[in-house]
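Structures are listed in the sections that come next.
Note that chain A is present in both complexes that follow, paired respectively with chain B and with chain C.
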Partner chain A sequence: MSEIEANVIFSIENLNRDYICALDKLDMNKWLACFNKQGTYTLISNENESNGLPIGFMLDDCYERLQDRVTQVVDIQEDSTEHYQTRHMTQLTNITDLGDNKYKADFNFTVFYTQDLIEQTSILGAGRYEDIILVENGKVSFIQRKAVLDTNVLPRYVPYPI
Partner chain B sequence: MSQTPENGATLDWPAKYNEVPKEVFEREDLWPLELEKIFYGDEWHPIVHQSEIPNIGDYKAAELGEMPIFAVRGQDNQIRIFQNACTHRGTTLVTKSSGNKTEFECPYHRWLFSPEGDLVGCPNSREFTPDFDKKNFSLPTFRTEEYNGLYFITMSDTVAPLREYLGEEFYEPLGRILGGDGRLKFVGYQKVHYDCNWKAYCDNDGYHAPLLHLAFKMLNWQGGKGVQNVSENGHLSFESELKIPDDITALKDASILDFKGTETSTGSIVQMQFPLTVYSKHMDMLNIRYAFPKGPKGIEVHYAYFTHEDDDDEMIQHRIRQSSNLLGPCGLISMEDASIFSRIDKGNKTPGNAIFQKGVKSEFQLDLQVGQNDESGNLPRWEHYRKLMGFKRAES
Partner chain C sequence: MNATTPPHLKWPANADHTAVPYSVFNNQEVYDLEQARLYNGPTWNYLATEAELPEKGSFKSTYIGDTPVVVTRGQDNEIYAWVNRCAHRGAEICRERHGRSEDGAYTCVYHQWSYDAKGDLRGVPFQRGLAGKGGMPKDFDKKQHGLRKVRVVNYHGAIFGTFSDDTPDIEDYMGEDVAYHFKRIMHKPIEILGTTRQHIAGNWKFYSENTKDPYHASLLHLFHATFGLYRSSQKGESISNNDFHSVLWASGGTEDESALDDMKKDKLRTLQTGEYELQDMSLLAGTQEFEDNVTLVILSLFPSLVLQQIQNTLAFRQILPKGKDEFELVWTYFGYKDDSEEVRNYRLKQFNLIGPGGLISMEDGESTELCQNAIVRDGEYTNVIQMAGKEASGDDHLVTEGLIRGLWKGYKELMDF
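On to the complex of A and B.
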């Protein structure tokens, strides 16, 4: 990562921090604000990803889908869900300069969850983010955030993005 | 192990046909009896679609009850399903959920099996018992039937052939979910663990859909014409028209709900095969839900998704994004079912009976004529379960 400028690393870390804090606070509009108009979000098992199988748990392949993800979480499924508090732990593992102010970044993640009424903490999933990030005019945003889960079998249904 | 499981479990069943004792979801001692009477009994279980293991040597691991099994495509292009245990001392041969192997070698004493299940090598066999013959140590298989590329197994010698077992009203729509001709392409799984007894997972009904799933309401989906067919041995088959409104204001990208295909249904087919497999075709999504109970508590569900070999690129993309976003443990029109599996299981720790109402015309009679939005369609499967388990119904 030595050739990547410090302020770029700083921006990328900031974007990731905004993202995981938005999810841990379940502020879906702040989550949406991490993406630009080309943005996409994917949640997929490593089993599918490594076998070249395209089915995801979530596949928001355009900005309107990202907006609809917010609607789904906030308006459509809120009342039937057994809510849980998440804590996203992440670690930056790589940045590659793609040119044109675009960077490929990889993070590892672990997500802890504490479900209401159970009140004990377990791991929802572990895996890696494969990101494409735009750093432009002091602004930073996701073109792509792809969460690839090592946890091929989810421990419960998952209403919120990871 | 000479010890036989404690199979004398009994349970008093209520006199009324629309009541199910809640303890049936909770009693751990029922599980050994369920294994014997249901999972190892006179039922067929789907294991693999041919498109999940398309190449020679492709294999997929699964379970039947508590028994590890695997399906493999042999050199002769035939699919066979074996017990996943070396015929020497029982070491599992397959340790991944899927993969490709041209031979299956047991690491313990290096016995070697072909993908057709034959024992082809075993070191030091001159020192084995005098009448040792490799031919007697092939991998045990199962009675198997195939329908539109889907392979079913049973441990029963006496259960009716698959078609008769499923019944025509189930068999025909299932064929359409399987693409009409079985020429499917597999595009991936969604796998999830639900924290409930297996019977809570498969007790989903025809009553709830427009009420539980707010997406149906928000999207202004009309309940179209439809039927629910039920059989005495506990299979359910729903088929209903889907009328998707032209202007969906709740979503920014309504294309996710497009219904492009017309070939095999007018909208929606959902089928529930006893004891616990669901098949569905909603809009353009082709889905098999393989389910594996993890003992008396917990069930793992593998939602498998397919496209059709005749699809053009646009249709493939559409099916993939629709399947990934609408169904499964995160899906817009199905996540709520998952929440109910877990909530109903917790709630059923309270005493008494779960009561079915919608569509019940008589509490003391089983009715096979049910409407598409009735929950009474689940009662024949409960009656089938009760009889298999040998539980006595109270006198009315």
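On to the complex of A and C.
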């Protein structure tokens, strides 16, 4: 990571911060704004990822799917799922220059959640992000954000992206 | 079922399959009795798909009820299963979810007693002692100390196990209609696409009810109803076999207009036709891969399995009880080995619909927990299961709770409540 320019590291950290703050505030439009028009989002268990199996909890393979994820969370499932407050803790572990202003970035994450009715805090999951990030013309955005969960048995269902 | 049921566990006089006492969901004694009478009783329990045991030496760890079980493929290519508990001192032998034993041996790490794929004891370290000291008694017979074995059957690519000698033939067990729909989905070799696992803080039978309940599907799942994947107004049927087992099927795009009008009059929260549009319509594109045009099948095989087809998504859902108020739901997703790339892509896209994050399935976990939260006391109080009458039977429509009544009728008899 020492070969990566400081302003690139700063941009990537900023993008990740925007992303996790958007989710913790459940501001799905700001979540969507972290992706560019080629953007994809995957939430998958490490069990499937390490066995080369494609199934994930969420497989938003195009920008339109990301838009539909926003609609799903904001409008469709609003009163049929129990809301919980998340707190995402992340740590940048690696950046690799892929050329053409693209970077592969890895973060570790832990997500705490507090359900409205229960008001006790537990860990929703821990894992890693595997990102492809575009840093271009002063803008930074995800081409890919893949969240790989170490937590193979989720403590509940997952209505929101991680 | 040798022991008699303790009187305090018998259902109150006003309870039957239309009015079930909440004690079945919140009582530790009931839970323990279920492990004895259901899971160790005359039931077939889903263990694995054959596709997960592709070669000699393959194994998978799972459960029957809350008893840990390992399914293996032996060197003779046959499939076996045994309780994952060393005959010596009770330690867990297999500590991986799945894998392959190169030499076909399964060795307990504690004292290295080793077993073959059938569960027969093959090796006991220091059996004859060291330098004339110690060792097992001379009359120690390894044949008498194998693992507790599970009787298995491979039914069209799915492996089921039972502890009981009284469990009937698998097809007789599930019944004619359930067997037909099982074979309809499992009509050719499958390919595993992945697994997801979720913990649900509710009694496992709330989920069994849920999968026999077409009444809720239009009302709880907004995505379902709004985008027409399933509505109670569609052409469909609820079928009950041998009380416990059931099939719900529906054909998308076969709206009975008068029924749909009735739904609209009810101003349902979940029926928002025209309100929302998908930007990515390919999620619902898919392909009609079955000649009967049935787009939704929920096959419930008591006590542990749900086999589903929703659009082009195919999955086994295994219900694993972990206590009176918690269970684990394991989803194993599959396609067919001969899927074209196009069909495979349809499936992958549509898997967004199901599973722990599924657009049309996540609320089922929520409803289960909502019920559990509210029945922590008042075990003698009963629910009301009377939609479409009081008979424990199927119907030629989807506005019914008849299959749930079937579940409880069979449950009451088998549990001797």
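Rule of thumb we're sticking to: the second predicted complex is superposed on the first by the 162 of 162 C-alpha atoms of A that agree within 3 Å, B and C clash if a C-alpha of one lies under 4 Å from a C-alpha of the other, contacts with A are read in each partner's own complex, and residues count from 1 in each chain.
Criterion: a contact is a pair of C-beta atoms (placed from the backbone, for glycine too) under 8 Å apart; a residue touches a chain by one contact, two chains touch by 3 or more.
Quantities reported herein were computed from a predicted structural model and do not represent experimental measurements.
Overlay on chain A: chain B and chain C clash in the combined arrangement. Of the two partner chains, neither chain B nor chain C is touched by A:Asn36. In the overlay built on the shared chain, the residue A:Pro54 is in contact with chain B and with chain C.
Shared-chain residue A:Leu154: touches chain B and chain C both.
Of the two partner chains, neither chain B nor chain C is touched by A:Thr114. Taken together, the two complexes place residues 43, 45, 47-48, 53-62, 64-65, 67-68, 71-72, 75-77, 79-82, 152-159 of chain A in contact with chain B and also with chain C. For chain A in complex with chain B, the residues that touch the partner chain are 43, 45, 47-48, 51, 53-62, 64-65, 67-68, 71-72, 75-77, 79-82, 152-159. The touching residues of chain C, counted against chain A in their complex, run 97, 192-201, 220-223, 226, 269-270, 272, 276, 278-280, 283, 328, 333, 348-349, 351-352, 355-357, 359, 362-363, 365-366, 369, 373. Those residues of chain A lying in contact with chain C across their complex are 43, 45, 47-48, 53-62, 64-65, 67-68, 71-72, 75-77, 79-82, 117, 152-159. The touching residues of chain B, when paired with chain A in their complex, are 97-98, 186-195, 212, 214-215, 218, 250-253, 256, 300, 305, 320-321, 323-325, 328-330, 332, 335-336, 338-340, 342-343.
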